[in-house]
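The following block contains the structure, expressed as structure tokens.
For clarity, chains are labelled A, B, C, D and E in written order, and residue numbers in each chain start from 1.
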Amino acid sequence: MSVFLHMLVNWFALHFGFLRDNHDLNMVKPQLMLAFFGIAILLTDFLIEPGQKYFNAIFALMGVGFSGTILYQLGRKIGAEGVQDAYSSTVLIDHFSIFFCMLFLAVTALIILLSIRYLQIEEENHGEFYALMLFATIGMMFMVEGLDLIVQFIGLETMAISFYIMVGFLRRERRSNEAALKYLLLGAFSSGILVYGFSLLYGLSASTNLQDIANAVFHRPPTNPLVLLALVTVAAGLFFKIAAVPFHQWAPDVYEGAPTVTTAYLSVASSAASFALLLRLFQTVFWPVREHWVGLLGVVAVASMTVGNLAAITQTNIKRMLAYSSISHVGYILLGLVAAGSGPNGNQNGLTGIAFYIFAYAFMNLGAFAVVIILRRKGLIGDELEDLNGLIHRSPMAAVLLLIFMLSLAGIPPTAGFLGKYYIFLSLLQTNHYYLAIFAALYVVPALYYYFRVVVHAFLKESTDPVKVTLNPWQTLALTVSGFVVLAAGIYPEPFIKLANYSLFLPFGPLGR
Amino acid sequence: MEFYHSHILSIVLLTPLVGALLMLFVPRSWDNFHRIWGNLWAFAGIAVALPLIWWFQPHSSQRYQFTESMDWIPSIGAKYTLGIDGISMLLVMLTVVLGFISILSAWNAIQPRKKEFYLLFLILQTGMLGVFMSLDFFLFYVFWEITLVPMYFLIGIWGSERRLYAAIKFFLYTLAGSVLMLLAILGMYFKFHDMTGTYTFDIQTLTTGTTLFPLVLQKWIFWGLFFAFAIKVPMFPFHTWLPDAHTEAPTAGSVILAGVLLKMGAYGFLRFSIPMLPAAARSAAPLIVVLSLIGIVYGALVCMMQKDMKKLIAYSSVSHMGFVTLGLFAFTPMGISGSVLQQINHGISTGALFLIVGVLYERRHTRLISEFGGLSTPMPSFAAIYMIITLSSLGLPLLNGFIGEFTILRGVFEVNKMWAVWGVLGIVLGAAYLLWLYQRVMFGQVTNPANTNLSDLNLREYVTLIPLVLWAFWIGLYPKPYFTILEQPVKQIVEQVNPDYYKKPVAPVGAQLPSGTQAPASAATH
Amino acid sequence: MLSITHYLVLSLALFTIGVIGVVTRRNVIIILMSIELILNAVNINLVAFSRLFGDTAGQVFAIFIITDAAAEAAVGLGIMIAFFRNRETVLADEMDLLKW
Amino acid sequence: MANGYFLDHIWLIPLFPAAGALVMLLFGKRLANAFVSAVCVGSVAVSFVYAAGAVWQLLALPAENRYVQTILFDWVPAGWMHNAAGQLMRFNVPWGLMLDPLNSVMVFVVTGVGLLIHIYSIGYMGHEGGYYRFFGYMNLFMFSMLTLILANNMLLMFVGWEGVGLCSYLLIGFYFQKKSAADAGKKAFIVNRIGDAGVLLGMFLTLGVLGTINFHEIAPAIAAGHFEVGAPVMTAIALLLFVGATGKSAQIPLYVWLPDAMEGPTPVSALIHAATMVTAGVYMVARMNAVFQLSPIAMGVVAVTGAATAIFAASMGLVQNDIKRVLAYSTISQLGYMFLALGVGAFTAGIFHLMTHAFFKALLFLGSGSVIHAMSGEQDMRKMGALWSKIPTTAKTFFVATLAIAGIPPLAGFFSKDAILGSAFERSPILWVVGWITAGMTAFYMFRLVNMTFFGKSRVSNEAEHHIHESPASMTIPLTVLAVLSIIGGWIGWPASLGGSDRFAKFLSPVIAHYSVELGGAEAAHSNSFEYFLMFASVLIALGGIWLARRWYVNRPEVPDQLATRWSGAYRLLYNKYYVDQIYDALFVNRTKDLGTALGAFDRNVIDGVGVNGAGLLTRVISRISMWGDKWIVDGLVNLSARIVWIFSWPVRLIQTGVVSGYALMIVLGLIALLGYYLHLVRLPVR
Amino acid sequence: MLFDKIAFYFFGGLAVISAILVVTRRNAVHSAIFLVTALLATAGIFLQLHAEFLFIVQVILYVGGIMVLFVFVIMLVNLDVAIRQIQFNRMWLVALLLTVALGAQVYMVFHYAHTGMKEPLFTLPARPASALEPNTERIGLALFSDYMLPFEIASILLLVAMIGAVVMAKRKV
């Protein structure tokens, strides 16, 4: 409970002035805010009448809002004063982490909006869910901010464990149980592998600080076997989290079994956070040996795109299909990293591409899941393709937005997804990965095919289900926001590109080999 | 007026889109409103484009006219740049006119889901116009892709039995080409950056660099672009989406697909592949020409045995568009200008042919040739118009098709005589299948009782068909305005791909009589 | 003379055995135990390095890993109980509602 | 230009019928027949007046200046091109018309005969439906034909060339409800198209080589280009153009459409398929004589083709029973004569025969039309006979025409045929022999026709018997006029050897190129006595043919049947037109269709199958292996998607078992793979 | 030194053997007991490495805490049925071989690292044991200075785990 006390103190400090200048605390205030509201939700949940559980959501939203506000100020601050670290350099507040934290908060907010009605229908409308979401967000934020293996690991585990619970949140639902247990077993196993790698990294450098480790790796011979072993194990652990082939198999099962809001959250936030972590590690610790991982990532990326795209074609369950599709998206993002790590100085377009892609992917995938979420009602899970039939008649707005999300996922302009792919392709070409680029480009075609199976059902099939799809205002808001972002980032991408460029975390200067 | 003049392209481009967006706010149950609204805006599309005819200066020293430029994505150097030269001018006019005609043709044919139909059609219209107007590669690509979605739905929602298959096939085929095009565009983009240090998608600026690319690079980029355009045209082995898409699409969709969408491919060759990558284009020309010739003959032969009218016309498109690419890759002024003209002609003739099939389909709900026969008796006016269009399509002099085909073949003949011989063979076969079709549908006794009382054309159908007939005659009788408009842009393209062409000595004037072929003094001004 | 490699190999042995447990056993509880073994192996690594460098970070890391192991075990067993309540089994290969 | 009103307004000549056609085709349905006749016949009449005036005024010009040209507007200014010398020039084809001696003959014949046939049609078509349509097409034809003739350049000529083909198609298929008529029209158009392809290519070549396609500039361009006699390129141009001519003028091997074209109304046969359109090929060759004369090979080909067609068609004409078909083969045969003339260099003789043939063949067709009219549509000669007294005017005029075509002096046919045969003999006696025999055959089958129709015993069925009546005046007057022309038409070419002045040849002389090298020797001097011998020979064989026809078809009508039985093989061969149609069908038409079918299947199965349909190559390979490949791809994605599930699912299904241990094992495998990937790197530093 | 070696091999051997028994025993209770042994042996290794604080943590937290949890759960689920079922999955042999292969690979890596390189890694003489003395205080200091933040995050982690265990295991809403 130390953190609780700590936070209470800080909360008062914020408003009463003393301790305001505590640098370390200031740096983690967004997380503190989330923790505060998370705990508050846990405490007040008992007081809230069963019919008014949406107060939990409002609390959670408030938490996210406050946290975002503070994060924004933090961003202004580092904009003015430069990148800052805190807590003995265990966290680093830079543009990169601000960008990702903002993204997590946005995604969390949208998921909260979507959860309210979904949980009501599932009759699992407990405050814990929102609290867990906030805690997971804290974990994610520390994952990206962490400049220390321990912080990163603990952050990762906080996120992961929250997700295990959220996946299994529908306790009476067998699929949910099963998904949770699978996810937990495999997740813990992969954490073991990851942390094994971490231990080797520590062994290489006698430090858990990324900068120190990077320095140590830099001064070793490039084919140092232990570096490579650490690279493999760390990569394997992270590949699992982002669901890259061949560590992807949990994803379809878990996506399908989990409550849809969790699936949405998982596919977007967890992936993004793990990617951020992966980027951070690969751009610091493993940056000196990038010539070795570029090829590896290329292979994994192509394998991911292949498996993801081909398996997705045959799915009839939307969530499962989106799981495979997200595997293929992982392939694209990894290709961006391939490009970013190629060449003597790396490639900045690759990094921009990754940031933009993750950003776009967050909103478009979230939107796609949101449509599945709004289909949920008593007696209908709504995650089969048939459930979408005739959506255009049952809810034109949802159908049109679904189309936009699908187009974006497939990478058709003018949507955000296109710009993401644009950057990936460009960076690949610039770093002479022509065949990868052609591969990646051609995989858009099967991808479009399965995304458009969804569209076919929503637009071209006659509805077998007479019930109108209704949206509550929260859902409408969430859908509209994601739709707006996806479209805006496609039609006028300039601010979003600026944002992506803002987020660039360039590899440590002296380490660029 | 000043504003109008300087922003006319944007206005033309956005008019349909505005119509579509406004439509969004009207409830879908107001069926008739949407129908009228869609037609009005499509007509407005023509109306706002009309001043182009007067304002366009064929002899202007500027390569592109009415240019507008606005920063769009400065981070990557993409701009909103519009501009047209003679080639795009013609295609823009074709688009607005055919767009209106096909929307009008759908008046009764589209019964369910009217709102969506008109909405999608107007968006499609904007997409197509954008393709022809963009002077920025990025913008071009965006518009290129935008056209896919509405077309997909047009086929997928209002098509016939196998519509889903046809729609997705159309989409996937085109997409496969266009992603490769994207790679090619990006290749140009960053290689240009490597050369000059600027990131830009501006076509005119890029051209200054791409033409200097080493041949190997040019080839890579050329073939990247090639697939997109070849699929769209469609060129011989990439054509199989077309029969399906055409057959399954509703009449309006077929008209616009054949009339305008296919032109995007040819336009791509014309605007990008050839002038931007001249060396690669030269090296690829023999292969492309051979493919075009195969397409011409092959398409015609396959037409012979079709049982479905629309499929037949679709294959005839393969044949006719073969002429277009044939002319393009001759790299002679006549070949290219003929090719552009042939694009317009194909839009007119094939568009009209699809309208004609649509007329029959609306009455009989079948497209099988064997279901018809002897229709001249119940539908004499229809027979007359159909005859004229058939003749225009098979290239009878005094109608549009002839001018295009003749000019193309003449331009090709200059380069390689055998190419022209094969092309001419296509013309012969063209007569065979089109007349045979006409005969089977229109001549003979009315054998099928269902056909005895078919009504002749109604006013709306006249309004859709007559403009095309008149246009066909105009081009056939007096194509001079077209050639005048095309002269400058064609010259610029030829000078890029075939730089020696205009440097040859001018044939002596004195030997020529004032009529016939002659070389005026202005030829010496290069 | 004991070198660090001895510890690494010991840790590797435990790690491998843990992995074997994960991939061969059907009983979920034993799989969880195997994961504990894996984490334990990592701890040996860390503590050995810590000893090698005379640096406390490794041991601190090990403490966090133990914490995490505890958390995972608690949640894992909780989920398993929920699962068991629904399905009356603890066998991993009977979790087959979700596949393909 | 001050050449005279009519010469300045030659562009109006084709325009009158064009206007008539436009009015008919747009508003004809609502117009009264009388008005239709007035407009259409009137427009042709005005045309004729203008044509006559123009020819008159042309004649008034001095012989070397008999050339006028009117340019209406730039028609196809298609931009820049290179000529064969690699020079840059502007391609600009104007809508230009011209008049010179050669086409003044043509324009006179066309408007004149055309006018008569129009008048005739008023009566003939009076009872048919689609009256306005008929006249509209006819006027359209007049426009096209006049454009063809008056065009000052090849491209504009090609407009007319295709235009007359179109009108021929429309008019042959006038009874479109009859399948045979529609088929015949299509056949005519497509066969003509094959020829047109040649013209088009010839035109390209001309333009490339000579830098001009203006007729008047061709000869100077050749002179400027210093082309040798026998220059291959000239042969190429000539032969390509000749392909076009064989199509339009129904020569071997493209003559097959003309007999079928008799499905059209009889005035159409008279106007288009006898008097005017089919002579377009002759006109073109004559028009391009400057090129042809440079190529002995091409000339040889023209002559031999002409001679062969002449005798071949005549032989088929010997046994036909359809009155119009006999005339059709006769037309082909006579056109062969004309080409023979052209091929031996006797261009003037060819044109001369063209003119006289127009008169008497139009007359024959109109006469036959009148007969058919009288017979209520019966065309089979075996069901006629002894009509002489029943339809006297028709019979008499028909008889005149028959004498003319048989070459009996002093009728028109005698002079022109004689001129041709004379020239042919000088070139090659063999050609003369062929022509001579043909003359005999011509006389035979024409008199066979006359005898079967007008003489002998009546074989008319009873019901037809009642209706037999002489045609109305609108039909008989043209017959009479044409009969007169058939008699006197040849006199303007009264040869010098018979005391004439060869006025016709002299008139045409300016348009015929004269090269220093003697090619055909057609115009070479020869002794009168020899010419008398040739004339005598041809008259003799004509009389022989007439005698034989008389003997077999009037006196001993059983003989032909006996002969047919005895020589049944030959008879059948002739009767079935040497089976050429069947051979063409088997060789070309059906093969083309087969090819179409095969390619259609190829298209669906192979091209569509390769790398397409979302499943790509894999699909194809697997589908091939799995026997039901065909169905697979044809049925396409709809079925495919189900099958794709099966194909793609198996690797994924294999590993995505839902069993956690399996997934964990996959992770292990992944680790092994990644580590294996690096182990070779790790090895590197170990020496 | 010798004592060190004996201790290492004793505890190491014990740990490995116990671990093998953990993954091979049919009865989950036996497995749990052997896991305890393995963990205790590991604790012994910690002690041998002069990590006294960690030794205590291992014994109290792991053996005392986590293992009790395990045993509880084992008792909770129906053990009799579970014992009679087949304990290894169908692909256990393949899995075993593959895992051994993985272990061999990693071993090779260590082998190269140890012998193959010009400058073998980790051959630096270990810092004197006194470097970490006094162990508990130093760790305490580290935890509350450099690693205060992860320490605090860990509290959230545990909070999450607590919520999770409660939410998952409680019978009714």
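FYI, a contact is a pair of C-beta atoms (placed from the backbone, for glycine too) under 8 Å apart; a residue touches a chain by one contact, two chains touch by 3 or more.
Everything numeric here is computed off the predicted structure, so don't read it as measured data.
Enquirer: Under the touch criterion given at the top, what is the topological distance in steps from subunit A to subunit D?
Expert: Graph distance in the chain contact network comes out at 1.
Enquirer: Keeping to the contact definition above, tell me which chains border both subunit B and subunit C.
Expert: Joint contacts, listed by label: A, D.
Enquirer: I want to compare two interfaces, A-E and C-D. Which one has more contacting C-beta pairs?
Expert: Looking at A-E and C-D side by side, A-E shows more C-beta contacts.
Enquirer: Could you tell me which chain lies farthest from subunit A when each chain's centre is the average position of its Cα atoms?
Expert: Result for max centroid distance from subunit A is chain D.
Enquirer: Let me check something: if the centre of a chain is the mean of its CA atoms, which chain is farthest from subunit E?
Expert: D
Enquirer: Averaging only over C-alpha atoms, locate the centres of subunit A and subunit C and give their separation in whole Å.
Expert: 26
Enquirer: Distance from the CA centroid of subunit C to that of subunit E, rounded to the nearest Å?
Expert: Between these chains, centre-to-centre, one finds 7 Å.
Enquirer: Would you mind pulling out the distance in Å between where the CA atoms of subunit A average out and where those of subunit B do?
Expert: 44
Enquirer: When the centre of a chain is set as the mean of its C-alpha atoms, what distance in Å lies between subunit B and subunit E?
Expert: 71
Enquirer: What residues in subunit C touch two or more of the other chains?
Expert: 4, 15, 18-19, 22-26, 31-32, 52-53, 55, 57, 60, 64, 68, 71-72, 75, 79-80, 82, 92-93, 95, 97-99
Enquirer: By residue number and range, which residues of subunit B touch two or more other chains?
Expert: 164, 168, 172
Enquirer: For subunit A, which residues are shared contacts with two or more other chains?
Expert: Within subunit A, the residues that touch at least two other chains are 150, 154, 157, 161, 164-165, 168, 171, 180-182, 185, 189, 193, 203, 221, 225, 228-229, 252-253, 445, 449.
Enquirer: Chain pairs in touch?
Expert: Between chains, contact exists in these pairs: A-B, A-C, A-D, A-E, B-D, C-D, C-E, D-E.
Enquirer: Along subunit C, where are the residues that touch subunit E in the complex?
Expert: That would be residues 1-10, 12-21, 23-27, 29-30, 32-34, 36-37, 40, 43-44, 47-48, 50-57, 59-60, 62-64, 66-75, 77-82, 84, 88, 90-93 of subunit C.
Enquirer: So in the complex, the part of subunit A that touches subunit C is made up of which residues?
Expert: Answer in residue numbers: 149-150, 153-154, 157, 161, 164-165, 168, 171-172, 174-175, 177-182, 184-185, 188-189, 191-193, 195-196, 198-200, 202-203, 206-208, 252-254, 256-257.
Enquirer: Contact residues on subunit D for subunit A in the complex?
Expert: 614, 641, 644-645, 648-649, 652, 655-656, 658, 660, 662-664, 666-667, 669-671, 673-675, 677-678, 681-682, 684-685
Enquirer: Show me the residue ranges of subunit C that touch subunit D in the complex, using the header's touch definition.
Expert: It is residues 19, 22-26, 31, 92-93, 95-100 of subunit C that touch subunit D.
Enquirer: Please name which positions on subunit D make contact with subunit E in the complex.
Expert: Those residues of subunit D that touch subunit E are 659, 661-662, 665, 668-669, 671-672, 675-676, 679, 682-683, 685-686.
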